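Read through the structure below, which is laid out as structure tokens, and then see the notes.
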Amino acid sequence: MVILLISALLGVSLLALEIFKLRRWMMPLMVMAFLAIIGGTFALWGMNENVMMQGMIVMDAYALRTTAVLTILALFWLLTQHQNIEKTGNSSDLYALLAFSFCGALLMTNFTNLVMLFLAIEILSIPVYVLAASNRSSLLSNESGFKYFILGSAASAILLFGIALLYGATGSFDLYNIHDALMSGTIAPLSWVGLAMILTGFGFKISVAPFHFWAPDVYQGAPTPITGWMATVVKGAAIFGMYRLFKGAFDGAMPHLEGILVIIIAITLVIANGMASIQSNVKRMLAYSGVSHAAFMLATMIIPGFDPQSIVLYVISYGISSLIVFSIMNQVGQTAGEELNNFRGLSQENPFSAAAMTIGLLSMAGIPPLAGFFGKYYVISGLISTHPGLTIIMVLTSVVGMYYYLKVIFAMYQKTSIPVVVEENNKVVLSLGIIALVAMMVAVQWM
Amino acid sequence: MEKLVALIPLFPLLGFLYITFFGKNQSKGTAGAIATALVALSFVLAILVFTTQLHGAHATFVKVLDWIHVGSFQVDLSFVVDPLSSLYILFITGVGSLIHLYSIGYMHDDEGFHRFMSYLNLFVFFMLLLVLGDNLLLLFVGWEGVGVCSFMLIGFWYKDHANNDAAKKAFVMNRVGDLGLILGMSLIFVQCGSLNYNDLMIGGSAIGHLGKWATLGAVLLFIGAMGKSAQFPLHTWLPDAMAGPTPVSALIHAATMVTAGIYLVARFSDLFTISEGASQLVTWAGVITAVMGASIALTQNDIKKVLAYSTVSQLGFMFAALGMGAYTIAVFHVVTHAFFKALLFLGSGSVIHAMGGEQDIRRMGGLKSHMPTTYWTFLVGTIAIAGIFPFAGFFSKDQILAHAMENNTVVFALLMLAAAGTAFYMFRMFYLTFHGEFRGTHEQEHHLHESPKTMTIPLVVLAIASTVGGFMGFPHAIGHAMHIEHALDHFLSGSIELTHSHMSVATEIALALISMAIAGMMILFAYNIYIKKATPVLEDAEINSPLHRLLWKKYGMDELYDNLFRKPIDALSAGLYHWVEQKMLLGMVDGSGDAAKGIGRILQPLHNGQIVTYLLAIIVGLIALIFAL
Amino acid sequence: MLTEYAFWFLSFVAVFSGIAVILSKNPVYSVLNLIMTFFSIAGHYFLMNAQFLAAVHIIVYAGAIMVLFLYVIMMLNLNNLETEKRSNVFKLSAVVAAGLLMTVLSGAIQTADQITLAEKTTGTAGLVENLGIALYRNYLLPFELASVLFLAAMVGAVYLSKKNLNETQA
Amino acid sequence: MEILHNVTINHYLGLSTVLFALGVFGMLYRKNAIIIFMCVELMLNAVNLALVSFSKMHGDTDGQIFVFFIMVVAAAEVAVGLAILMMLYRNRHTTDTDTLNDLKG
Amino acid sequence: MIALSIFLIPLLTSFLLFNSKTGNAAKTALTSLILMLLVAIGGRVATAYGLTGTLSFPLISSIGFSFSLLWDGPAFLMVLLTIIAGLGIVYFSQDKEIHSSNRFYGWIMMMLSAMIGAFLAGDALLFYLCYEWALIPIFFLILKWGHGEHLSKVTMRFFLYTLFGSLFMMLSLLYVHQSMATPSFDMSAMWAAGKALTAGEQGWVFAGLFIAFAVKMPVFPFHSWQPSTYDHAPIQGTMLLAAIMLKMATFGLVRWAIPMTAVGIAENGHWAILLSVISVVYASFMALTQKRLKMMIAYSSVAHVGMISAGILSNTDQGTVGGLFEMFSHGILAVAMFVVYAIIEKRYGHDRMQEMGGIRTAAPAFAFLTFILVMCNVALPFTSGFVGEFLLLQSLAHYSLVYTAIAGLSVILGAAYMLRGFQAMFLGGNTHAFEALSRNEKNILAIAVLLVIVLGVYPHSLLQLIQNVY
């Protein structure tokens, strides 16, 4: 509860700081808030399941873990991107929006009521609609924000209709009641349609095929730091919420949903990797790769049993990797451009950036011993005996994934007479991130 | 005493190492002396070992080193001393040391003298390993080792690619046989569980476990023997191998290495005895080779080529004998052949030496007066190979013929034919070389001289051996009647299956007379043509008669192999490389990459940036989901 | 009986004005038609004894949201925008997709038992008092969070609308 | 007040479905961004209607409370959406969604 | 502890090198390698006196993943190979001009470390990690120090192809891992779990493993990445690939595939043996048609590896031991052969064999050494090549004499192409000035030849080391 309070108040206080002309305190305040939240989760780590606020939210192991993960990602995002946000001159607005969005993200981890879920999604999304469009003079940013908004609200409407139908079938918004209703006996057609619509809504939020179309456009058009935020915190929160909902509440329906999820995952993997492999814009390529990672995240749903380890690990490993990548991407994007060619010869003048980017990409590709590998490892190991065919598709598409990541690495290590030179800041933070990618191997067991 | 056997191969090896690593500083004389002395030392030891065996010692095994021990596969570097191996080491080191001695003179002016002596030493080392090894694998070591030495020595004058081609051909064709041997070894190990002679034949009888595989095993071993001993159809390398220096031809391609195949078959006489089919194969391969070799030799004009085909033909005789179960006789012929063929080669070397490298007998003639020692010793060799009593060749060849008569008249007839041919072509060559007018250039005539002592001494020694060597194997029936033991047969009884003969004395004598008569007729025939009528030998371009041309072209075997194997294989690999490797496999790999991109390109129009498309996709997806649930 | 007629009447109004929203060329007419739809929906709420909701609905939707729409339309002068029509393929696909969705949905979501709403009703659920209790007791947290949402939306809207000339790329 | 004794839940669901489908249809059919917004509102109202009728069916207040929140969210969404729309219009001078395809591929 | 230090020394050296100046990079690497050699041999001796060289340290207990290193005969053998080959590579290149040499050697050391990790791994996941990890250094070595016009394409193909393969290994390992009651990646647990699967399952598990190994080894038809990669890689990279890296795959067969899925191989693995046998012949044919030395060596390597694979898969004592031995022998041979290539290429500026000739006249010692290496390549007895190859053929004969005969064709073809190449380059009239070999070049070839012969004449103690692998 305290955690939520911190997150909710964070945005407000940021606005207050703006009013009092204390902009330079904003970043430390956010860092402190994030640290406090992380500290809070660790303090409560072993806590029993505790339903709070008249059945609105719950603090359990899952909520704590996912909260910690999201906060770590947010903190890491902040540390790597704060200069870029501050450069815009609108840091108070942007920080506040981010803080609100973050609050929504945390709510996604611990709701026990569909009302909360709905509000969480909206609190998470609405600031991001704005953030995506936050570069007001850029046509691409505008377009990105607009597309995100239109499609997002349509998806929300579909999700809502699903919730309504589910409510009609079960008579409650409470996850525990819904769980019991779905577990007992046959599931009414009404519920099935509701589930389908909820699945559609979530499919949109985490961007899996065929609901993924917005993602590349929006990711590409949005300012790179925001893209990083969307790809990590927002997507992570969405998948966490979905996991709680589907694995927790819709447990009874999962056996039936499994086949559909498998198809969705397979289609997503094929489409996303196929599309990514033909991109010349690195940011867009990363967006498609994000879609394929979403498929992996979705795949954690069909692992038998409610074991959040795989999803938590996947989100944090993918998150840190892509934050590192987006951070370098941003530097290059600002200096040279986002095309593949713009990365040529990065290693010549900026070996650190090139190395960091490489490690990030390799981690995303799932090369051991980096964190990305363990993320994939848990997914595949969970599926190998039940869905061997899907794992083979995963493996094959991973190779395609490796292909387009390698293209970037090649570009960076290509010899060229006019290498791109970028400003290198946050070396320490990025190094920490890289270390985290390696150390994940050991940290896995505490998740 | 037998323990000393380990030293026998060691000496030549030391010689090789010494000359290779320290020989450069030595004069040619020293290096040659060291090489020769070490082999001679081995010869002395070999005599000692042989003596113990002569006195009826049992087969002894001398282990030197653990070699390959893997599970049930136990093979050591270990030597066997028994009659067969001791006989072989005796003539290997004996003939070997003579040829070393000869080489000192023959190779004296060659810049690669040190190299040559070291290779010869190495060859002797491997040859000794081959016959001394107490297991098939060690035999194989020697087998391959002599093959490599043969390769190095054939291509000794490596600056000329013709020599290198010949060397390569010899090695590769040998490898064909080696594959057979490897497979044979594998089969024997799989079925019998051991490769040691002791388990297989001498101490045990594990070879019997081959059962229904016996024929296959025997045939595989024989394929190995065919390669090494130049039996049809793997014989074509041997004549080409004459590209090497003449002492090499004498040592490797006449006296020792090429008889390794006979050693192998004789060693596995137990196996061949139980396999009728394999023995038949051996016989016929031998007969065909004998006839073919003899017939080709009729038309060759290169002095060494004639001898080479003669060797092929004689080896055919030996295999024919082996196939008919006359193992001891085959070995007997190996020994006598080693004497007279080494003699002939060395003699021819002496001639070539005198002629300044000329090898074509059409360019020779009348050398008798210029080099008497060579002439007389060469005559001994020629008579010996023609099979005239009492020279060595008579005894061994006559016994093979006798055995053939007993077994199979067709074989007998063919061998008789080959023997007749032998007498003819040998004397043809002999007359053309030593009699008549000199037909070479003036320069050559001026240069003619008798060879130095180091070369003539071996000739004389070998001539003596060729003269008396035959008495170690007196024909069975006659010997029995005269109470002369077949010494060799008796001696070898400890190692290999004995030859059984049931001929009467009269038949044996009759046969001997007939074969001698035929040989004599052939010699007269040759005399008539080349001395009396002095018919000039046709130049290459003048050869028109189809039969003559066929024989002169060696039945076109080289061309046939070229067209049947080398070219198709080259074409096949080039084709595979181009189509399968480059186009198909690489295309598949790169194509799969394109396939992924292809998916992207197909789907790209769908990602057209239009909100309505995206929304439509969502709705379609939703409908599909509702249907699915 | 009367209410049944009322149901059908309101439904037709809602649907037809809904269609009109989509088909009107002028966005202003669309807005007005949408308001008609909202009113009819409010009527439904009323029929279902959710009077308070009906009132809020009118106030929020017709009173606030639609005014905002109108305001924007007027400000941007969006009156006759759609001169070029969308290609027929899209139109057709729109019809097919929406029609299919409607068919599928209405086919699938019919509850098995024909519950007459009257039988179930207690009649008091929609009253202000009950709603208030539920909202401030059980749904306190969402209620508070709604304020966060509003704040966020406000900040966002303000941020997007304010002009910042020396803005650099973010 | 005994009303609606012949109108079943399915009637309301039917109406709700029709409105929802209409909203979807409008979103697909029109390309004026502001109309598309309105269609979203139409869809949300369809949801509201369904919720209220379910609430009525179950006889509890939860559904109606949810409708409140939907209204709240709708309002917030519209505020943000129209802000984005206006900004877009400022930069592009059009609200035709079909021209919004700089980002694609 | 011994195992750990051997694993860590190169890793730390590589970090050291990355953070140092270019000056003494080769010396540092060499020193570290010598240290490793001492530790390895000393460690082996110490093990004989009862010191435990193994190490196990749980990393992720929930899935039974531990950092576990073995120190048994086969592991020691392969480590020894890695160190010796590494020494050869570094020693050979120490006097060569290499840009940013500190990173160059750093990558090499890291590569060695990864491969040592794979050889020592007593944990399936650790094996997999190191197996994959080894790709990264070689990738950079090729990309940054390679040459040729299609460098990026070739590197990409190499990387993706091998990655593609190894992912199937992961699937297989995971399948076995999942079948356990208490999951563990520990070697003995994996073996037991693999054995407990049905023959059909084992067949599939084996298929996954074999695809991974077949790509890495490589075996027909998965080899198409190899020749071009060898061609474009810097010579040191080629040596690493040919001498050590592909041994990870063959070693993987011995250490993981056979013990886990012996039944599966016997019942459903015929195709793999057949492919290996085809690979032997096919690669020999390929080598026969090559005009360039490097390509010929590359294909001859494929042929050898096919033989190793076929022999190991036939699953007899001789096959396993022979396979391990041949790996060792081939490793040394590969380094030496590529050194020969480098020497010639440096002097001629190209490696088209038909355009050379007469090197023997100019450099007799070089010719002599090369000839012995060639002979080892064609498995002449008393060279190490023979011991391994014969044992492998022997083992294959237990499986099928026909396959043995087909694989044995390489005996003939190998002789044909090797001698053809040797003849073209070394024999014939002298046509080109040939700079004398440097001391380093001579030393490395001499040592290789010595090793090859010593191992051929007295393989006994090495063979004893690797008896009873299972």
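Order as written gives the chain letters A, B, C, D and E; numbering starts at 1 within each chain.
By our rule, a residue touches a chain if its C-beta (ideal position, glycine included) is under 8 Å from a C-beta of that chain, and two chains touch if they have at least 3 such contacts.
Computed from a predicted structure; not experimentally measured.
The chains touching chain D as well as chain E are A, B. The chains in contact with chain A as well as with chain E are B.
Farthest from chain C in terms of Cα centroid separation is B. At the centre of the protein atoms shown, by the Cα-centroid criterion, sits E. When C-beta pairs in contact are tallied for every pair of chains, the largest tally goes to C-D. Taking the mean of C-alpha positions as each chain's centre, the chain lying farthest from the centre of chain A is B. Averaging C-alpha coordinates per chain places the centre of chain C 70 Å away from that of chain E. Here the spacing of chain A and chain C, counted between their Cα centres, is 30 Å. Note: centroid distance chain B to chain D, computed from Cα atoms, is 97 Å. Chain B has its Cα centroid 77 Å from the Cα centroid of chain A.
Annotation for chain D: residues touching 2 or more other chains are 9, 13, 20, 23-24, 27-28, 31, 36-37, 57-58, 60, 62, 65, 69, 73, 76-77, 80, 83-85, 87, 97-98, 100, 102-105. Counting partner chains per residue, chain E has residues 160 touching two or more of them. In chain C, the positions touching at least two other chains are 86, 90, 93-94, 97-98, 101, 105, 108-111, 138-139, 142, 146, 149, 152-153, 156-158, 160.
By the definition of touch given earlier, these chain pairs are in contact: A-B, A-C, A-D, A-E, B-C, B-D, B-E, C-D. Contact residues on chain A toward chain D in their complex (touch as defined above): 114-115, 118-119, 122, 126, 129-130, 133, 136-137, 139-140, 142-147, 149-150, 153-154, 156-158, 160-161, 163-165, 167-168, 171-173, 216-218, 220-221, 279, 284. Residues 612, 616, 619-620, 622-623, 626-627 of chain B are the ones that touch chain C when the two sit in their complex. Across the complex, chain A meets chain C through its residues 8, 11-12, 15, 53-57, 84-85, 87-90, 93-94, 96-97, 100-101, 103, 107, 113, 115-116, 119-120, 122-123, 126-127, 129-130, 133-138, 165, 168-169, 188-190, 192-193, 223, 225-226, 334.
Those residues of chain B that touch chain E in the complex are listed here as 20, 65-73, 77, 137, 140-141, 143-145, 148, 151, 155, 158-161, 164-165, 168, 171-172, 175-176, 178-179, 182-183, 185-187, 189-190, 569-570, 572-574, 576-577, 581, 585-586, 588-590, 593.
On chain C, the positions that touch chain D within their shared complex are 1, 3-4, 7, 11, 14-15, 18-19, 21-22, 27, 30-31, 34, 37-38, 41, 44-45, 47-50, 53, 56-57, 60-61, 64-65, 68-69, 72-73, 75-76, 78, 81-82, 84, 86, 90-91, 93-95, 97-99, 101-102, 105-106, 109-111, 114-123, 125-126, 130-131, 134-135, 138-139, 142, 146, 149-150, 152-154, 156-158, 160-161.
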